[in-house]
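My questions will all concern the structure given below.
Read from first to last, the chains carry the letters A, B, C and D; within each, the first residue is number 1.
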Amino acid sequence: MLPIKLPAIIINFKTYAEATGERALMLAQIAEKVHSQTGVEIIVCPQLTDLRLIAESVEIPVFAQHLDPIKPGSHTGHILPEAVKEAGAVGTLINHSERRMLISDVDLAIRRAEEVGLLSLACSNNVNVASAIAQLSPWAIAIEPPELIGTGRAVSKVEPEVVSRSVALIKKINSNVHVLCGAGITCGEDVEAAINLGADGVLLASAVVKARDPEKVLMELAEAVLKATQH
Amino acid sequence: MLPIKLPAIIINFKTYAEATGERALMLAQIAEKVHSQTGVEIIVCPQLTDLRLIAESVEIPVFAQHLDPIKPGSHTGHILPEAVKEAGAVGTLINHSERRMLISDVDLAIRRAEEVGLLSLACSNNVNVASAIAQLSPWAIAIEPPELIGTGRAVSKVEPEVVSRSVALIKKINSNVHVLCGAGITCGEDVEAAINLGADGVLLASAVVKARDPEKVLMELAEAVLKATQH
Amino acid sequence: MLPIKLPAIIINFKTYAEATGERALMLAQIAEKVHSQTGVEIIVCPQLTDLRLIAESVEIPVFAQHLDPIKPGSHTGHILPEAVKEAGAVGTLINHSERRMLISDVDLAIRRAEEVGLLSLACSNNVNVASAIAQLSPWAIAIEPPELIGTGRAVSKVEPEVVSRSVALIKKINSNVHVLCGAGITCGEDVEAAINLGADGVLLASAVVKARDPEKVLMELAEAVLKATQH
Amino acid sequence: MLPIKLPAIIINFKTYAEATGERALMLAQIAEKVHSQTGVEIIVCPQLTDLRLIAESVEIPVFAQHLDPIKPGSHTGHILPEAVKEAGAVGTLINHSERRMLISDVDLAIRRAEEVGLLSLACSNNVNVASAIAQLSPWAIAIEPPELIGTGRAVSKVEPEVVSRSVALIKKINSNVHVLCGAGITCGEDVEAAINLGADGVLLASAVVKARDPEKVLMELAEAVLKATQH
């Protein structure tokens, strides 16, 4: 696996019907196509049941949506980091607002991900929590004010200072940690704003997954990445 | 999918290293081989990341280890019943002692499983909880006193009255619910005892997964099923 | 402590500002006054921090809002049944919709409550869950469809069949279990309807706690109990 | 309430039988006595049901063992910061290893505590988590490697570098945050070691609560504080 090229567009498939099973595969293939046409890094985060199928079928990076900070053993129904890795993922979301974790588990999950060779993208609901997570040295942190998730009101536009303060704080605490912009990202303009505020990419879901024409939306987002990085 | 033939042997792969990824597939193939040699129904419960691969590779029933009582939507990192079904599972464990659920979620998970066409096997830690779950009409209930799990001391031998009382109570409440015997099942003798006490099969994990020769152990268990059902 | 006289009116103080500290004590005293004027049993469920103060100050029964199914030991921040009892409570809510519990913990909490001499009032969100809980033999079950809680639309009026079916089912499973009607109870009419449908009382919160004149509301509810029981 | 004088000895009553109800009050009175004889600050953390009684009966600071990051409203069975404050507490534990919290809730609980005028003492299981919590600006952080809790093997003796590294890191991140030493503190020697490593006090439980003569133990600990601070 090559290293992730930043800025990147990360698509969380959640448990949307439009991104389950065969439709998840099709969506991943669209992402792969836009990537090959633009060169912009696009990462997909399918459900666990679809992870291996997608990882085997496309040549873009695949992340899990969650993992449990466990070791191999008696943990029926939990998500083993080793299993996620072996299924072909290169990274994982951690502490998504829909799957909040104990602070001790965020720490442990980041370390377990690292141990098995997975990149960890930890989500934070505000600047405070982002700075706390920065101390735990994940691969990247996504800034996702929960009040904006799914609203189509992009944090990079509505609360740009949240993004720029988070970027500054996180980089000050740990300059190796990448910062992504989540919550409300809908269009190319939002992506450009995010990158201009210092973000290393965006994390989004419904704007792509639930789009009538996901390829068109993704192409617009990818072009915005190109535009922002040419500055 | 043909209906499940009872009594059955159900193997929970947990998150054991010996039952992850390629090794999970090999274990499922061993189970398939023993099934085809003996005609005894053997069900495997792999991790979610391996579920589709195994369901596509073997012709024995595959169950998930857990599902969340959710509908398609914004549930990052959760387990969607529709996704489990589409990946090829025919059933799922519910409320395993390592993945206990809220009482309202046990109810909802059983109904969601039914909606999408999955059999639900709900685990209970004692006779009381087994009788409560019987009111919720799952496909089957597994009796698993947690103090016996992983001990090699089979509930069917150590606490036979727990099995017989559970079977009697559950059948009285809801005669359509099957009863499985979990916790401590290790050898053919335990399986035979369970079936003779009225159980419709056994749920086990380490005795098979961690065996030096899983095929030999499974063959012994399958032969015990044959022996017990010939009476 | 005398046995609880049914039908009863049970007031859940939740964590309302109007029912915290000194204001909780005043509300309990109003409940005591209405009880002494009407003879109708009124039970109050204050927060834990106010439980002892109220139990020592009024002569009506006091319930906790929750307890953890633990034994004395290392359980920092949890609610010990023995501590609730010693503080003067005679009972406790279990599995309230705002404090859902694992099915195994509902079972254990009911048994722990009984062990230390506390009445357990377990809440259920639907008829299914009510019948499952009936198998666990609590003192009483409250029927509270969550979609009606806090709406002012009483289950006894909007979904009377939920109440009558629950009463019939619960009594059939375990005739010793009392049935209370929760969710949306606002006025005397709702109380009368509940009792006429077979309920042994009502569980309510905001209609009393947030009333401009709680005494007037409680008096109306108590008179409805008298009216319904004279039939 | 006067400000807390440091170094302090903080006693977590947990849900020990020896520290419930009347016995909790007696223990708090012993702590008050040792405080008045030595001048050393001693803080007690009783169960919620005993909090008001103790806060009204003794003139030493009282902390809660946990609070929920909620506002007044519909939160049956939860712990309202305002209620804890009104009952007489001056602070609260947060994220104890027996009551771990979501990272977003640790943040919110610290802010809610501050809003209502409670000191927050957040517990951490390792240096990483301690540094993450330091970003959230609690009043103090307790270092409690869970593998040492209740062992009688003091972190200040067994893993002194954990204490000194934590103190250094926390002070560097936020010099206003106090650092306490928990886990395995048993005797005066442990207390002295902790203070000499830079800790502002100790958090302990069983060594005092379960002592045959709690007064004698507390006196030894208090004298160790005096000795360490005379250096």
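Note that in this section a residue touches a chain if its C-beta (ideal position, glycine included) is under 8 Å from a C-beta of that chain, and two chains touch if they have at least 3 such contacts.
In this text, all values refer to a predicted model and were calculated from it rather than measured experimentally.
Here the chain-to-chain distance from subunit B to subunit C, counted in touching steps, is 1.
At the subunit C-subunit D interface, residue numbers used by both copies make up over half of all numbers present, so the two copies contact each other through mostly the same positions. For the pair subunit A and subunit C, the distance between mean C-alpha positions equals 45 Å. Separation between the centroids of subunit A and subunit D, computed from CA atoms only, is 38 Å. Residue positions of subunit C touching 2 or more other chains, listed in rising order: 97. Interchain contacts close the chains into one ring where each touches exactly two others, per the touch definition above. Contact between chains, per the stated criterion, is found for A-B, A-D, B-C, C-D. For subunit A in complex with subunit D, the residues that touch the partner chain are 95, 97, 100-107, 124-126, 128-129, 131-136, 173. Taken together, the subunit A residues at the contact with subunit B in this complex read 12, 14-17, 20-22, 47-53, 65-66, 70, 72-80, 82-84, 86-87, 93, 96-99, 149-150, 205-206.
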